[in-house]
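In what follows, chain A forms one complex with chain B and a second complex with chain C.
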Partner chain A sequence: MSPWIRLLVYLVAAPIVGGLLAGWDRRISARMQSRLGPPILQPFYDVLKLWQKENVVVRRSQNYYIFFFLLLAIFTGALFFAGSDLLLVIFALTLAAIFFVLGAYKASSPYSFIGAERELIQMMAYEPMVLLTAIGMYMVTKSFSVDEIAGHGRLLVLALPGVFLGFLYILEIKFRKSPFDLSCSHHAHQELVRGLITEFSGRTLAMIEIAHWYESVFLLGWIYLFFASMPVLGIAMSLLVFVLVILVDNVFARLKWQTALKSAWLVAAVLGFGNILVLSLLR
Partner chain B sequence: MTLVLALILVPFAAGLILLCLRPDAPRKVVVWATILAVGCGTVALSLAPTPVDLTHLPVNVHWVNLAMLLVEVAMSLFILYVGVRAKHPLIVLLTLAQAGLMTWFELAQGSHVEAGQSLFVDKFSVIMALINGLVGGGICLYALGYMREYHEVAHRDVPDRRPLFFALLFIFMGAMFGLIFANNLVWLFLFWEITTLCSFLLIGYMQTEEAKRNALTALAMNLAGGLAFAVAIVWLYRKTGSIELQALINSPDKALVLLPAALLCFAGITKSAQLPFSSWLLGAMVAPTPVSALLHSSTMVKAGVYLVLRMAPVIAGTKVGLMVALVGGVTFVVGSLAAITTSDAKRVLAYSTVANLGLVVLCGGIGTYEAVWAGVLLIIFHAVAKCLLFLCVGVIEHKLHSRDIESMAGLIVSMPRVSVMMQIGMAGMFLAPFGMLISKWAVLKAVVDASPLLSVFIVFGSSATLFFWVKWMGKLLEVVTPHERVQKELDLGEAIALYGLSAATFLACLLFPLISSRLIEPYVWSVYGHSASLGQGNIIIMTIMMALIMLFPITFFNYGRGVRVTDAYLGGANLQSSTRFLGSANTTQNVTIGNYYLHNIFSEAWLSRWGVTGSTVLLAVMFLLALV
Partner chain C sequence: MIGFKQSPWIIHYDASSCNGCDIETLACLTPLFDVERLGVINTGNPKHADIFLVTGAVNEQSRDVIRNIYHQLPEPKVVIAIGACAASGGIFSECYNISGGVDSVIPVDVYVPGCAARPEAIIDGVVQALGVLEKKQKEMTSLANSLDQALYLRAEKSDAPEILALQKTAYQSEAEIYGDDSLPALQQTLEELQTEFDRPEQVFLKTVVNGKIIGSARGHAVQDTAYLGRVIVHPYFRGRGIGRRLVEEIEKAFPNAKRFEVKTGHRSERNLFQFRQQGYEQFKTEPFTPAITWVYLQKERP
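On to the complex of A and B.
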């Protein structure tokens, strides 16, 4: 498939797939808690409803940051699915996340502020492992280009088992799921209120939701890269990882941010760096 | 090309004139005239073909060398006097050792020592000259307004020694030009020592106890580097019979020149404030802001990394190079983590400088063509963005009477222009698609290609970088309590410097392909025979990202439309907007918001203790490896 067609498919299909995944997430979580759960299409209904609501803000410019968060989240995935440089994708991802955090800072409420600080700590926690993943893939395939990594003949996960496990660990942080739902808890009755997104409402909140859909698809796409030489296995593993994330979300209670930071850095140093160490010794 | 000579001599002459000028008006004229001349001169130089033909310059005459010797002796005597008066045995010892060694060298070999070419200008020198002339020039213009406010409003108790101050700024600039154009190592050494002395005098400008103490620390550490430099010259001459920088770099027998190269790297490491010597640069913050900006962005520390990058081809692939790279890597991580723990704005900037120079040193130590290309990029982008940030903090410090980051909340309301420029500077320091990020990307690629294990420093260090910059940006944006707008944020010189540097932060990114292909790549070509670049596709994507970011201000045309403004949620009944609320048991609670500094995870003292120990061991191993 030419990069332009892939790009187009991504732009159209990603929100649909992402929304369905979100609906599926709620459904599976509900079943794990012996509830029936909402219909699969519920996330779409939610977003449609939010879109029609009044836009209430604390600071007049706070929503612009979120609009750019959405724009850059889409851009990140677009770069990824068009087969661009993996490091460039990571930088775009970081930039998107920073706009989100700045929006929360701009809102100037104590709860969004603490959410912003914690989100930054989470970013600091996962960033090394994300970069090490890209470096690991480069060491195996001799390229940072997503296209060439995907076209590599062998299963990457075989050469990068440590990196893969490390990536799974930080995926929990990136999805902001328990035990790392530190910056915006899904349950508004807790001490964080809604953290990062406390002060966003209406259309802006809908944009955050849509951005998450795009992000989920992109992150699962990255999981696929580990298995890219066997496409069916790749898709199956991506979905399996998604279910695993949901399972972990339901099994664990929230950890402290200190634990999140220390453990993620430890994982990056041991699993990620260890894997790269072995690779460079074998070279 | 007389231009090269003029660039060295004009700032010196301007410095001597400024020393005699007491009133403000003529000083302004001299400063403006010199800056314009130097600025035009550097731009003209950058357009000339390189290496610049300097063969007919009448500089290799006896009396020039004699004059230089006299300056050197006078400086040694002055430093000796300073050391004795301050009862600082280390300074006395280092000066005596260095002066003794150089005197013996001149006396024993003096008549024979001759450099074929005393000056040498290639594209790397041109890049450094542009930074020194344009960024340094901007700082001098800024200093005009800043120092007036400094003495007349902010620090009335400090004795007004502005003539000396401006004289030193320009002598510093002249010495920096000399340093980057010199090929004769004895000359290079002289200019090196002039920058050491100037920085000592500038750091001690306030003459408080703290300023004096920190100035002496800076002097002692840089003298240690100077001693290593002197030993390098003598050793090089004894082994190869040459004292030319180019001869050292192009020496066919790399093993023979490895020790001098290691010594020069050591000198570079002291000057660029790498661990274990980073404390002098942190102490240098006591000086007025233009001095900090000068030391951190266009001169001093850049001289250090300049020398390390010059040595890169010699130490590439050796164990010595690996040790240099490790020192740089350790410094990057320790500096970035330490910047998280402090809320003093200048201190954060200083740690960030130390960290980023660590990356350049890491590049120099690796020494492949890719790494050197990335290192030069880092120098350029860092100079512009860091200078902008320092100058902004200087203005803020004068208006808020504090440089605590926590006190900068609401700056977007009270000083919107400076606040926006600071945001630009910070974006320039760490965000895609701005310059420093492009450079870090290049560094990462170079490191992964050369020795992937070293990338561990970059991945951990840069994630810490992200944390301390974004939380500072957030602080500038958040508005909790109402603020009044400060009247007259900037005066003319300050405005020119700040607007110019903000524009340069953008322009340097937009013109990055041009800077790379016209200046950096020719240099890397001339040394290695091939060069690196980022690839056409990636540059296009970066440009698209840049365009996206530049759309951001446009959203503000829609400011406040279609939204209903309400109070923030405080978990109680809000009183008086969002600043107070009624808490449990009907008590009134004030809202205060403060950043995280992670003190219970890492502390400055712990980091610096381990950083210093680790890097000292690395340097010791480096010398051992160079000797055997």
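On to the complex of A and C.
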């Protein structure tokens, strides 16, 4: 498939797949709590409703940041699925997250402020492992290009088991799931109200939701990359990892931010860096 | 419209309930009743909620909280009073500190009876609220669609509370420009506004759509000069010529005035642009606070 067609498919299909995944997430979570759960299409209903609601803001400029967050979240995935440079993808990913944090800061409410601060800490926690993942993939395939990594003949996960596990760990942080739902929890009645997204409503909140859909498709795409030489296994593993994330979300209580940060760096150092060290020694 | 009926997000507030109704309300979220199957989310954040559930009667301490939460809910919104106390004050209605049911503070759309209200009744109340929510959403859309039928009328003294609320909403954007919420327009009290109605040669105009005031302007004449002020339009309906029309209408309201004068802040580009478009010219400036300099504009009647 040419990169342009892949890009087009991503732009159209990602929000649909992402929304269905979000609906599936809520459904599975409900079943794990022996509830019936909402319909699979629930996230789409939510976004449609939010789109028609009044947009209450503290400062109108906070909405522009969220618009750019959405734009860059789409851009990140677009770069990835068009087969561009993995380092550029990471850069765009970070920029998107920064815009989100800026939006929350702009709202100047204590809840979104602490949410933004915690989000920065979470970014600090996952960023090293994200970079190590890209480096690990480079070590095996000798390329940062997503196209060439995907076209590599061998299963990457066999050479990078530690990096894969480390990436799973930070995936929990990136999805903002328990035990790392510090900056904004999916569940009501937490100490930060809704943390990062407290001050957003209406259309802006819908944009955040859509950005998350794009983001989750992109992140699962990265999981696929570990199994790219066997596409069916890749897709199956991506979905399996998603279920694992939900399971962990339902099983664990929230950690303190200190523990989150320390453990993420420890995982990056031991699993990520250790794996890369072994790779370079074996050569 | 798809969406509103499938995704009611609620916020629950305990005004002064004995906790009976609260426990029944939260019971709705448990596996047995699981209202999430209807798309209900208990948000805990008024800015994300559509439905405001209140339990218990209103007392001195909860009155302001209820009002505050209500105003933070984005439109369209619905209020459900749960239980006998929230409906009428219940057995506490004659207590010295109880002002009555929730409807003594904010408009209530659905009443759920019971002491305590049963979870089934609460779920039924939420489902009925969805109908109200959809109706309100339609009204909101029709409000935006019938702007060309807006009426420009003289405001009455009884309109003062609504105009003041609008003024505070409209001036938020000004407060943002100057980074200062101590603007006189934001500090005005209801009494002050009502006394303005009693001034001689004072004209108050309002823009009414579907019975709601979405714009207002005022002015008073001293000899040959009419001083215009506080041309306000609800943020939703800006950029559609309502402010321009208000200025035209208020100029007509002073048939004997030879000169019109208006002042605005030096950084309020939108206001300055609009007044200049309508033939006003700057003739002096005057420092007001370190952040704000008043710009005075005038226009001679041709």
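The rule is short, and it goes like this: the second predicted complex is superposed on the first by the 283 of 283 C-alpha atoms of A that agree within 3 Å, B and C clash if a C-alpha of one lies under 4 Å from a C-alpha of the other, contacts with A are read in each partner's own complex, and residues count from 1 in each chain.
The rule we apply is simple: a residue touches a chain if its C-beta (ideal position, glycine included) is under 8 Å from a C-beta of that chain, and two chains touch if they have at least 3 such contacts.
As the structure is a computational prediction, the values presented were derived from the model and not from experiment.
In the superposition on chain A, contact of A:Phe252 is made with neither chain B nor chain C.
Among chain B and chain C, the chain that touches a larger number of residues in chain A is B.
Applying the stated contact rule after C-alpha superposition, one finds that A:Trp24 touches neither chain B nor chain C.
Residue contacts after overlaying the shared chain place A:Lys49 against chain C, while chain B stays out of touching range. After overlaying the two complexes on the shared chain, residue contacts for A:Thr198 are found with chain B and with chain C alike. When the shared chain is aligned, chain B and chain C each come close enough to touch A:Arg59.
Of the two partner chains, chain B is the only one touched by A:Leu132; chain C is not. Of the two partner chains, chain B is the only one touched by A:Leu95; chain C is not.
Residues common to the contacts of chain A with chain B and with chain C across the two structures: 54-56, 59-60, 193, 198-199. By the touch rule above, chain A contacts chain B in their complex via residues 54-61, 63-64, 67-68, 71-72, 75, 79, 84-85, 87-88, 91-92, 94-95, 98, 101-102, 104-113, 116-117, 120-121, 123-125, 127-128, 131-132, 135, 138-139, 144, 193, 198-199, 258, 261-262, 265, 268-269, 273, 276-277, 279-280. The touching residues of chain A, when paired with chain C in their complex, are 26, 30, 33-39, 42, 45-49, 51-56, 59-60, 188-190, 193-194, 198-202, 205. Residues 431-433, 437, 441, 444-445, 448, 451-453, 455-456, 458-460, 462-464, 466-467, 470-471, 473-475, 477-480, 535, 537-538, 541-542, 545, 548, 552, 555-556, 558-560, 562-571, 578, 591, 593, 595-596, 600-601 of chain B are the ones touching chain A in the complex.
Only residues 1-4, 6-7, 9, 31, 34, 36-39, 41-45, 47-48, 50, 72, 74-76, 137, 173, 176, 236 of chain C touch chain A when the two sit together in their complex.
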